[in-house]
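So that we are looking at the same thing, I have put the structure below in structure tokens.
Chains here go by letter, A, B, C and D, matching the order in which they are written, and residues are numbered from 1 within each.
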Amino acid sequence: MGWFDNLSERSVRSVARRSARRSFLSRFGFALVGATTIPALPVARAASARMPAPDESGIAGDPGNPQSCDYWRYCSLDGFLCACCGGSQNSCPPGTEPSPVTWIGTCRNPEDGKDYVISYNDCCGKGGCGRCFCNTNEGDTPVHRPTLDNDINWCLGTKSNAYHCSTGIVIGVATEILR
Amino acid sequence: MGWFDNLSERSVRSVARRSARRSFLSRFGFALVGATTIPALPVARAASARMPAPDESGIAGDPGNPQSCDYWRYCSLDGFLCACCGGSQNSCPPGTEPSPVTWIGTCRNPEDGKDYVISYNDCCGKGGCGRCFCNTNEGDTPVHRPTLDNDINWCLGTKSNAYHCSTGIVIGVATEILR
Amino acid sequence: MKYRLGIFFALLALGGIVAAELEVETPRTATLPAPNAHWMWIGDLNFNAMEASKAFLVDGDSGQMLGMLSTGYFFSSALHDSQYKNIYSPEVYLSRGTRGERTDIIAIYDPKTLEPTDEIVIPAKHYSGIPITAHAAISTDDRFIAVYNFTPAQSISLVDVQNRKFLHEVETPGCAEVFAAGARAFNMICGDGTMLTLKLDDSGNTEPVRSAKFFDPRTDIIDDKMARYGDSWAFFTKSGKLQMIDMAGGEPKFESPWPLFTVDEVADNWKLGGYQYATICEQTNELYVLVHRGGEYSHKDPGSDVWVYDLKAKVRTRMISLDHAATSIQVTTDAKPLLFTAHAEHSGVHVYDALSGVHQRTISEIAVNPLLFWAVHP
Amino acid sequence: MKYRLGIFFALLALGGIVAAELEVETPRTATLPAPNAHWMWIGDLNFNAMEASKAFLVDGDSGQMLGMLSTGYFFSSALHDSQYKNIYSPEVYLSRGTRGERTDIIAIYDPKTLEPTDEIVIPAKHYSGIPITAHAAISTDDRFIAVYNFTPAQSISLVDVQNRKFLHEVETPGCAEVFAAGARAFNMICGDGTMLTLKLDDSGNTEPVRSAKFFDPRTDIIDDKMARYGDSWAFFTKSGKLQMIDMAGGEPKFESPWPLFTVDEVADNWKLGGYQYATICEQTNELYVLVHRGGEYSHKDPGSDVWVYDLKAKVRTRMISLDHAATSIQVTTDAKPLLFTAHAEHSGVHVYDALSGVHQRTISEIAVNPLLFWAVHP
């Protein structure tokens, strides 16, 4: 699920931000596959076990505030942030069901500099949460290219079609920017 | 149907306005029955036949703008004004059904100085109109005195229970202020 | 490849921390921790879109939203049993949203998962209107639920909670709202100034009994806002008197009313007002009321202040000037209570330390039209 | 009595007019006058409360709201037949609002009374998402409606309008959206850069035909926003080229794309953007597009300007600087067209003289999230 941009200034800011990043990417190319072989260290796992504060991801190497639209995983999101609704960046709020099919985006983790494939699983079965609306749209495509389209209500294959909020789930390191 | 006050200043203004009026009423009493025998003149009827402008009632002797919460008939209203929704002060918007049971209020027509009994028929069968929310509450009573309670959804006895907007319909001259 | 490793080690150097790759995740659904007394529910009327009523659960200490229920058309509030094992939510649905066949249910939710676990269909007559606390009640022994109906004929739908079924309807002409306290009984306020008592046997059968007249609806009417105080309920008259009613034995015992406002305050136009203007903390025996200065029919106006009364001594002990005007207030049930406030026209709720009156935090974007609170009694 | 007459005559003297008593009224329901080309529909997504989708009808000349439809869950837009005799509204309902059994229908409304007159149940697969014009289409001869399904399997539900029944589903893997024009046919855009044509016989049977590839989805993808132009449709590429497609014969005929932006304008980051950024007035052969300056993924950003192109000469003729930033625009179909604009995050619509570009009026409080317009073709 995704929706519209509530920050007119965002577009102005993003011109600068994305231009910088594009040139970086075009220099180095998009493939970062080799890096996937470096294992996650125990410290990362230990950190994720405790209850994270609202303004942190609770995962080592995963910087930022999951209740903020600026959190790196949300680069192609369009909807209410589940982290503001009783869930987290990777879990649905109580009583809602994650959609088994999703749209995906490719977002850069500013801490390790890697591009990750993010699955924006919608959480389904209640009305709209109404909090932390976020609309970023990097890589968002039209309805006829659905896999990367954040305008679709992805509450599909769930008990209920009703959209509540969106998560951003790490499903791998990007081997290329998806289009 | 009725709802809450969107003007905090209203209460301040109404202290003054109502105090003045109360002393007037207590001097002369509430009964204005005698006046009912004076017949409506043809000029009034002719005027009501043409299409009224949005800012006028279209009825002679009925001053004010039915799209404004200040219109005299709306003294005990609480809801969306049907006059802003495709209806008028006394008709429901297309596709909605007037409730056969209503709450009533007693409002003074500033032109003839008479107190009229106003029936606030809700219009039913569509979702909320969302325009011209108005909340005046003169004479509004608790849920256990329903006849004068504008908090109740009066879409009762209609095909659908859904509230769309409220009208203010003249049903007679008041013989006393209703409580 | 050279470039890529270069970036990687550059980042390692730059960040000074481990740049381990993030683990692959799978989506899951959160459940709630054990409830505590600083959790609060608030209903969203969403007046523009009443098909989409909601209830939000928030934590007053962390300021976080914990979860939400979708509660159908023009919802008032939900009930829960004394152990907070089940949430019972009277909900109305139309088969085509705003038209078609109407179905009234009591939806049952698990308070830990917020999943709907069951529903009980009841007569399609439930009160519909601006949310009131007394639109339904659960008996103190968790055995029965009574739902107030208005068609405009007035009646009660009785539900057997244990067997999860609708039992029967009791006609209650002239009487409205419904309260539970004490014995297995429900009380209602009648427009003529009396109270109606419905004592239930094990099958939910009842012979309603009328009380003597305890208020005059023409001179100083009892309002439809009230606050529970153990086996009693505090009611309020239009002029600002507190009428405590003890319902421990089923039938009401009317205590002597006493004024919340001095003569000077009345002259100065101080009034009770809002959609939920009274709340009682049983641990501290304190009544909190939302007050404002306004005219005769300003009873829905937002309040600027909360005045606090010692219910034992019947005196005002504190006056809290609110940072944000409010139409609804609620205190939590513990010894260090929080005071929640909301303004029905503004999204978000505010949390105050109830004892000091100091504003603690604002929980923003909670409900389009936050209207009625109900406390969690864990 | 003396006092009363005194007041009465005092008022007569004071007002200088006849103080006849108002007549007793009875409530009634308004119907609409004959439609005109300056009427406009706008859908309300109400993102916070999508169970409560609505469609508002407004009069661009008077600035009045004329009426409303309630249109279920996450509605896109309604269709009407060529004579504006019936409104066909694809709607989705869940038996418990946001849960329970899903039922998809085409609701049929009388455009004069706005009453629901009938409904056709269709497979519960209709596209759900941010409103798009091409979620459904009615054939030019008013005989069939095609509804785009996404489950995520892609298909079309075909409805026989004349007999008011669902016929059958056609699988359309890889193809989305649906357009009607010309012959009794529907076209869809496929993600691989081709178009799919469904020509229907009298029973609604069809053998879908794929076109050659007409765009490259990786280099300059065709967008899902478009504008009808008689038997043709104007489509737009991400880089800002106009791709006109003639569908008069059923299968698409692809005209040569031409750029809407100069090289300098592209360098200056001018882009198409919004939820409904293109609209064509057939009487004046003018294309209106909503533009803004923004980054690569600013395609949903509001537009500050509307640029007008002569479709015959393929040149820009006018540039309108909007008084209010907009995410959707629509021109009326007549020779003196009005330009309607809306911003999906702000209630209300704005009306401009399309030829002069001068702001005429604002119609406030129309929709919580006004998102898609559809013009009345009377």
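Methods note: a residue touches a chain if its C-beta (ideal position, glycine included) is under 8 Å from a C-beta of that chain, and two chains touch if they have at least 3 such contacts.
Small disclaimer: the values here were computed from a predicted structure and weren't measured.
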| item | value |
| --- | --- |
| Centroid comparison with chain D (C-alpha atoms), farthest chain | C |
| Rounded Å distance between chain C and chain D, as computed from the means of their C-alpha atoms | 41 |
| Rounded Å distance between chain B and chain C, as computed from the means of their C-alpha atoms | 31 |
| Euclidean distance of C-alpha centroids - chain A vs chain B, Å | 51 |
| Inter-chain centre distance, chain B versus chain D - centres from mean C-alpha coordinates, in Å | 36 |
| Residues within chain C bordering two or more other chains | 48-52, 70, 73, 97-99, 116, 368 |
| Residues of chain A touching at least two other chains | 126-128, 130, 162 |
| Touching chain combinations (by label order) | A-C, A-D, B-C, B-D, C-D |
| For the chain C and chain A complex, residues of the former touching the latter | 1, 3-5, 7-8, 11, 15, 17-32, 52, 54, 57, 62, 64-70, 109, 112-116, 347, 364-368 |
| Interface residues, chain A side, partner chain C - complex | 27-29, 31-32, 34-36, 38-41, 43-45, 54, 59-62, 84-88, 90-98, 109, 111-114, 116, 119, 121, 123, 126-132, 162, 164, 167, 169-173 |
| Contact set on chain D toward chain C in their complex | 46, 48-52, 70, 72-73, 91, 93, 95-99, 103, 105, 107, 116, 119, 368 |
| Complex contacts: residues of chain A adjacent to chain D | 1-6, 8, 10-12, 14-15, 17-19, 22, 78, 101, 125-128, 130, 133, 135-146, 149, 151-153, 155-157, 159-163, 179 |
| Chain C to chain B touching residues, read off their complex | 47-51, 73-74, 92, 94, 97-100, 102, 127-130, 132, 134, 150-152, 175-177, 188-191, 217-218, 221-224, 269, 275, 292-302, 325, 327, 344-345 |
